[in-house]
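Can you read through this structure? Questions will come right after.
Labels run A, B, C and D following the written order; every chain starts at residue 1.
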């Protein structure tokens, strides 16, 4: 018998800590960091226990306010009326990423923002925890309106954190981010209204079971698709990405990475679980593939001429998002064709989803090294850097590992997931695979540029020292994970990636987890 | 499979790659020792040939100086793409509306 | 801005605004209204205070640190009630029909409404009311910093 | 009823027009608020029953009540809207303080 409340505690504990933080910060300041660390650690443990439940028992559902969390349908009702969490392999996969990233971001923040005013830091940690709540909620929820609410919690918290530095540029980036987010969220809400008007339900599973895919549903599909794609930073709606990533403090950039992944998750959830049984999946898959191709190519070509290290990396994250869209898009396009799906579609989705966690690890590491450089040099301009390898040996090592991983150089984990994508996409359409490889080459080229201009060359920044210990610990955790993922890709794919892919592909199981066997 | 993954066509195994990489590196090292043992270690012949220019060691090549050839070759592409990034929030939403219109037409027609 | 007429009218009206806001909060489970609406009404009373008496005078009465403590208190209270339902499920209404505070069964048909019903809902709307009135007042005070005297 | 849906479309178009063409940050915020009102109106209209009363137990003389769920949705959306608007205005204030202008063209990023 498993503990039934794990999933809700994962949301509730960071939420409670977020509200306690300002109080503790005023009364007993030294205790604040301890409490936040413990709550994040506890959440991490709960996520692992939840993952264990999901991998051994299948779907976990949690009904809010019911007499028993397992009762999804009150007696006499054919549609669920309460808010329901519907957690499957894909959700816990995302939750694991969020748990790792939030711990690393917190550990890194301890030293990175030490010189800020302490009452400001109380609010910073509150918002950081609220971001965690928003993301966990987005990936767990089985209810469309609840998805919107958590989406907005995430947007508000993260745009306030983008503007944390209160410089003019940071406010500008934060303003752009909140405008983008709220426009996307309002169109998503409009789509939710369209669903409610037709099916009198807000639950994803209930809507998916009754969907008739008329003109209004198609309108809702495109609103959801484009709104979430904008929040995931796909080209040509990517322009907020370099602004927001460039101006936010490094730990927040790390959190923003996973926030865009949460939007990507919602995009996949909509296309697979909500519309997967009725829509024209080939078209839907091709839309994702086109988004992916554009993002990959335009992102990387725009990264090459950049002079600001964080903007350069931000364009790379757009381009890496393209790989995931490409892999999962190919899987979606052939989902209704069992032979093609088992031949290469499944592998393509595996590659795309494996790339998500790899991307979080190495891209997060790269942004943290950029933050380390900023911490010492107070500049993000690549022209003013040089010779840092003489002074910051650990940061240099971390950067090399991250850069090799993102460029897909064997034996790092980036290569493993890209290889899965290349080979399966080649079977779908060779042209797409060639573009993906070309983008990988260009990625390597631009990271050679960063490495050459920031770390190589004569020792011109003589006053620079290595960064403080907690920043090194934060980067070290991610590096360790990259090395482990590089050595044991088979283990990772079998334990966490396969259940995620199966959860997306088996659309009927998502519905029957809420509505039972009857339809 | 703990170490390797099936890619559908073949397999990928990081451990085998690392071992092979290590062995090849040793072979290359031994070969280089054997082949270049007669090479000059100092004097004019050991220096790189920089098109007859003076050798510069204490100068840093900054980021802006890299890859100008690449950006020059793709100038017509960059001339279109970079001005499109205006940084004005109205344009960001404009792209959203354009993409929404395209996707809406695609979804409704097919 | 500091006209005598406005100040006199504000003196008369503000108590009524606050009382009406409190009414909205505690009758949230019986009539239209609830925590957010009531809190917003009370905060609008504070906005009137800010306009009619000027910023320095208002800031002596409404202290930002106290308000943010109130905000945190409201939030913690709210989530505590959600936690207390964990015996069944998160947000479970454990007080409804229990005979304890707010625990009377709801009468059927047309009636005047019994305040002592609905379980945790009124308690939660009181928590939300505290949070909203503090949060909106803080927003007002923060924006008033840009005002020229 | 169709008149209401028409006005929703008109409001969304108006809001988008403001967000797409106005160069003043405050006007952009106003545009977003207009879209938000339109979406809220849409949600409320979904639950409207002609001749229905407020869905409150004590006032219910008949079976004809408007649907409570869309009203709860609208309320939540309004609350979120307040937070978003407050944040956007705060950022606009900071933008003005640092750049000395509310014009979007005085941006410094991405030039």
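Some notes on this structure:
By definition in this document, contacts are C-beta pairs under 8 Å (C-beta built on N, C-alpha and C of every residue); 3 or more make two chains touch, one makes a residue touch a chain.
In this text, all values refer to a predicted model and were calculated from it rather than measured experimentally.
Here B-D and A-D are compared, and the pair linked by more C-beta contacts is A-D. The distance from the centre of subunit B to the centre of subunit D, with each centre set as the mean of the Cα atoms, comes to 46 Å. Mean C-alpha position of subunit B lies 58 Å from that of subunit C. One inter-chain figure worth recording: subunit A and subunit D are separated by 28 Å, centre to centre, where each centre is the mean of the chain's CA atoms.
One finds 25 Å separating the Cα centroids of subunit A and subunit B.
Among all residues of subunit B, those that touch two or more other chains are 85, 87, 89, 93. For subunit C, the set of residues touching two or more other chains is empty. Counting partners per residue, subunit A has 175, 179, 183, 239, 243 as the residues that reach two or more other chains. In terms of which chains touch, the assembly is arranged in some other way, matching none of the line, ring, star or all-to-all patterns. Across the interface of their complex, subunit D is touched by residues 30-32, 34, 36, 40, 106, 108, 110-113, 136, 139, 142-143, 146 of subunit C. Looking at the complex, you find that subunit B touches subunit D at residues 85-90, 93-94, 97. Per the touch definition, subunit B reaches subunit A in the complex via residues 1-10, 12-15, 17-18, 21, 57-64, 66-67, 70-71, 74, 77-78, 81-82, 84-85, 87, 89, 91-93, 95-96, 98-100, 103-104, 106-108, 110. Residues 65, 68-69, 72, 75-76, 79, 82-83, 85-86, 88-93 of subunit C touch subunit A in their complex.
Partner subunit B is touched in their complex by these residues of subunit A: 175-176, 179-180, 183-184, 187, 215, 218-219, 221-223, 225-226, 229-230, 236-237, 239-240, 243, 280, 283, 287, 298, 301-302, 304-305, 307, 343-344, 347, 382-383, 385-387, 410-411, 415-416, 419-420, 423-424, 427, 445-446, 449-450, 452-454, 457-458, 460, 486-491, 493-494.
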